[in-house]
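Several structures are given next for inspection.
Heads up, the next two complexes both have chain A, just with different partners, chain B and then chain C.
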Partner chain A sequence: MFQYCAEPKTLEGLIWLSCYLTNEKHQLLYGSLGTVLLLMAIVAPVAMLFGFGGAVAARSHLLPVRLFGKGYTSMVRGIPDIIFFMFVPIALDQLFELIRHKIKCPDWTDAIWQGSDFVVCAEAKLPLSTSPQYVHEIYGFSLAVLAFSIVFGAFAANVLYGAMQAVPRAQLETAEAYGMTRRQAFRRVLVPQMWVFALPGLSNLWMILIKATPLLFLLGVEDIVYWAKELGGSKTSQFAYPHPDWRLFYFMALLVYYLSMTRLSEIVLGRLSQRLSRGQATFAGEQQRKAAR
Partner chain B sequence: MNQLILSTAALALTAGMAMAETVRLGTEGAYPPYNFINDAGEVDGFERVLGDELCKRAELTCEWVTNEWDSIIPNLVSGNYDVIIAGMSITDERDKVIDFSQNYIPPATSAYLALSADTDLKSGPVAAQTATIQAGYIAEQGMTLAEYATPDETVAAVRNGEAVAVFADKDFLVPIAEESNGELVFTGDEPSLGGGVGLGIRESDTELKDKFNAAIQSMKDDGSLNALITEWFGDKALLF
Partner chain C sequence: MSCWDTLLQYGLRAVGIGENLLPKTDFTLCQHVVLIGSGLIWNIYFGVLALIFGFFLANALALAKASANPLLRKPAEWFIFVFRGSPLFIQFFLFYETFVLLPRTGIEIPLGFTTITLATSWLTKAWAGALIVLFLNTSAYTGEIFYGALRSVPKGDLEAADAYGMHGWRKFRRVIWPTMMRLAWPAYTNEAIFMFHATTLVYFSGFPAFSQMGDSLYYATYFASKTFNPFIAYPVIAAYFICLTMLVIFSYGLVNTYLNRHLPQNMRTKIRLRPQVIR
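The block that comes next holds the complex of A and B.
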């Protein structure tokens, strides 16, 4: 990066360190921080959407829809994350390729499963094996987002389901007495009031999501923990910047990162909780009312 | 008529694609000097040079991908890449799931590296990387096995006393021993395991296997493979 870094073996002290910390490999580490933040930024709203859908489905009056909602939450919640992350992206990938294969190569006669091999025609590959590496990376990242969203959506569904049940029944009866339809009562009375009940559960989920991002490496996406391990491992003089085992320092940096992320989240969520309690018939809402008087 | 032109064009296009076929090479990137991620963040090492040369001789366009060692075979058979080039020894167990090209490194010796030369290897756990030929060997010999996910962690385990010795390919351990200033030394016997190192290829991909076999053979015949082995593993390395 800097001019003076051309011959790293001749450098010493702080200059060596400044070159070391800005070499291309470290820039990949800093870039992966962006990957992790992007993942959280996409997964949180998508999982919320899945969760809302799941919760509404679980409350439905139609039996099949209700069974689907309940089945989704209990199945995903019952399977260990690590198994889920190993299985679902590969299964999804093969499903997509199978569908494309059926459409694009109808004349194919060979078996698709040959022993343990999964063979589809070259045009059905996702992404095409001719596409550049970054397309493969984006595809892998999207599969990761989908897998994370399905898992966290199931947990969010259960939290939101519980929150919907926690809204006092009297509120809904009053809405019905005013002549609102079920749908209107749901939208105008139930949903605005449930968030304060859902927030503690959802904030737990957010904290877990922050800490679950290292599972990305299972899906072939290189995240900050992967790079910390790779960069921290001892390096022989085969490398431009040889050093002994420095994983401790790298993991300390990760510790600071994770702690500051969770602390920041706590502050924001605390404010949000206060905001949502305003005017609610809950203990916190009642206290706010008294304090304002 | 238009249809005819279109389909001819499509045919020409697919034929063109078949000629410049893209092959994705999967490696671990954590096993210097076989393969590692250099400071520019690219795949480097003996296998990088070898793979590029083989692709040139087989007239293939090659793309490098890194993958965790643990899941390197499942990702090959499900088609995420086409070739494993990661210092993988040819063994019967692996041969049941995937196919191997002919070996490009002769059956090399494995060695123990410990803190002192008179370490009793039965006195404590011996570190080896998960799912390697060396890990299987340790378990067979009745020694206590401590498995680690990456090669680097196996060496770190010896340094911090979790294991009494690390058992790995000697070529991987030599530079580590040399640069430890006498902290780490070789001990015990040096058995020769497996059928050498080969490329892992899907069993259904016989055409690709033939191409790489021919390319490896041509490198063996003109001596360039031996030169490459000496360049990366030193004068004492086994040659063909």
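The block that comes next holds the complex of A and C.
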């Protein structure tokens, strides 16, 4: 990156370190910090959407829909999230390929599961074996995002369902007394009031999401854990920057990165909760009212 | 070969007893159920021991964090912050790398007249190393729960204890601690469930599975990668974990009933399947 880094073997001390920390591999590491942020930025809204759908389904009057909603919301309570992270990408990948296979190669007669192989015709492969490397990476990342969204959607559904139940019954009765339909009462009374009840659970969920991001490594995405392992391993003198096993320091750096992320979120969410409690008929809102007087 | 034979062959495979060679072809449903079930021994081992040891450290942490003395309070606050604020996955890696860097021959401590050699190689094995990480992790989460409960012990209870002339250890043991447990128990149940779920991470994060002795998820991924069919192995492990979760809820529910036994029926808190806060 810098001019003086052309011959790394001749450098020493801090100058060596400045060159080492800015070489191409490290730039990829810094880029992967962005991957983590990107994952959170996509998963958070999608999971909220899934969660909202799940919570509404769990409150539905139709039995099958309600059963689906209840099953979706309680699945994460019984089954470890890691199992979903292992299962969902493979399952979805096979599902997509199977659908494409049925459409694109209708006259294929061989079995698809052949012993220990999953074989579809070449045109149905996802992504196509001819596509460039970055398409494979994007596809892998999207599957990971989908797995995260499904799991965190279920967590969010749990929280939102609880928040909907927590809105005082009298509020909804008042809405009914004004002649609102169920749908109107839901949209105008229930949804605006539920957020203050949902906030503690949702902020907790955000923290869990931050702490779940290193699991991307398990899904084969080249994330920060991958690069920390890769760069920290001992490098012989054949490499431009030889060094002993430094993985411990790299993981220390990751620890600090995550600690600062969670601390920052804690502060922001604390402020948000203060703001949302203003004027609410809750303990926190009452405290603010008394303090202002 | 009948399923009973498979059970005899692989029932304790995860702890190294029985047939050493894992099945390579022609996987049956029975093999899935038996091997994944045998891996569950590790999940239960990690979960139960971490929770038992963690319970004691968590009590100490909660009291230290609530203490007025900064020499006690600050370390407890930092311990809880570090372990709750960072991913368990990273903690596993970090501790594994630390344990690996310890000298393989052991640490020699000179005592003047003799030297003691502290063996360190066992720390890199999952049964000890991962257990230490899980123990510290659950202590931090539980410590925060207990601290929160300690701060919400009703003022009236404390005044009543004072009125009876209780103070110090007696007041703590008879009034504060039982109420703290009662208030913390639903959240603690939740933590226990997530602790058992977290045990599935052990063999995917630094700690290797020696001679293929792994936990249930290790065997589930083994089957899924061999058959390339995730629709059998993962539902089997999911069913096991649902049963395990039910068992945890049931046994923690028994303790909860015991803690609430002095209250009238309608005021007792029930352990709910749908908690407000996840972890």
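The criterion applied here is as follows: the second predicted complex is superposed on the first by the 289 of 293 C-alpha atoms of A that agree within 3 Å, B and C clash if a C-alpha of one lies under 4 Å from a C-alpha of the other, contacts with A are read in each partner's own complex, and residues count from 1 in each chain.
Rule of thumb we're sticking to: contacts are C-beta pairs under 8 Å (C-beta built on N, C-alpha and C of every residue); 3 or more make two chains touch, one makes a residue touch a chain.
Predicted, not measured: the structure shown is a model, and the values here were computed from it.
*Asks:* Could you tell me if A:F118 is touching chain B, chain C, both of them or neither one (first, second, both, neither)?
*Replies:* both
*Asks:* Once the structures are superposed on A, label A:R77 by its partner contacts, choosing first (chain B), second (chain C), both or neither.
*Replies:* second
*Asks:* So in the superposed three-chain picture, is A:I90 touching just chain B, just chain C, both, or none of them (first/second/both/neither)?
*Replies:* both
*Asks:* Should A:S237 be classified as contacting the first partner (chain B), the second (chain C), both, or neither?
*Replies:* It touches chain B, and chain C stays clear.
*Asks:* Would you check which partner chain A:Q3 touches, where first means chain B only, second means chain C only, and both and neither mean what they say?
*Replies:* The answer is neither, since A:Q3 touches no partner chain.
*Asks:* In the superposed arrangement, does A:V159 touch chain B (first), chain C (second), both or neither?
*Replies:* second
*Asks:* Based on the superposed arrangement, let me know which partner A:P200 touches: chain B (first), chain C (second), both, or neither?
*Replies:* In the superposition, A:P200 contacts chain C only.
*Asks:* May I ask you to decide whether A:E24 touches chain B, chain C, both, or neither, giving the answer as first, second, both or neither?
*Replies:* first
*Asks:* Touching A:D245 in the superposition: chain B (first), chain C (second), both, neither?
*Replies:* Both: A:D245 reaches chain B and chain C.
*Asks:* Where on chain A do the contacts with chain B and the contacts with chain C coincide?
*Replies:* Correct list for chain A: 86, 90, 94, 115-118, 217-218, 229, 245, 247.
*Asks:* Any idea which chain A residues touch chain C in the complex?
*Replies:* Touch list, chain A to chain C: 73-74, 77-83, 86-87, 90-91, 94, 113, 115-118, 155, 158-159, 161-162, 200-201, 204-205, 208, 210-215, 217-218, 225, 228-229, 232, 245, 247-248, 251-252, 254-255, 258-259, 262-263.
*Asks:* What residues of chain A sit close enough to touch chain B in their complex?
*Replies:* Touch list, chain A to chain B: 8, 23-25, 27-28, 86, 90, 93-94, 97, 114-120, 122, 125, 129-130, 132-133, 136, 217-218, 220, 222, 229-230, 233-234, 236-242, 245, 247.
*Asks:* Which bits of chain C are touching chain A when the two form their complex?
*Replies:* 25, 81-82, 84-91, 93-94, 97-98, 101, 193, 196-198, 200-201, 204, 217, 220-221, 224, 226-231, 234, 237-238, 241-242, 245-246, 273-279
*Asks:* In the complex, go through chain B and note every residue touching chain A.
*Replies:* Going by the criterion above, the answer is residues 17, 22-24, 29-30, 32-33, 36-41, 63, 65-68, 71, 74-75, 77-80, 82, 97, 150, 152-153, 155-156, 159, 175-176, 179, 202-204.
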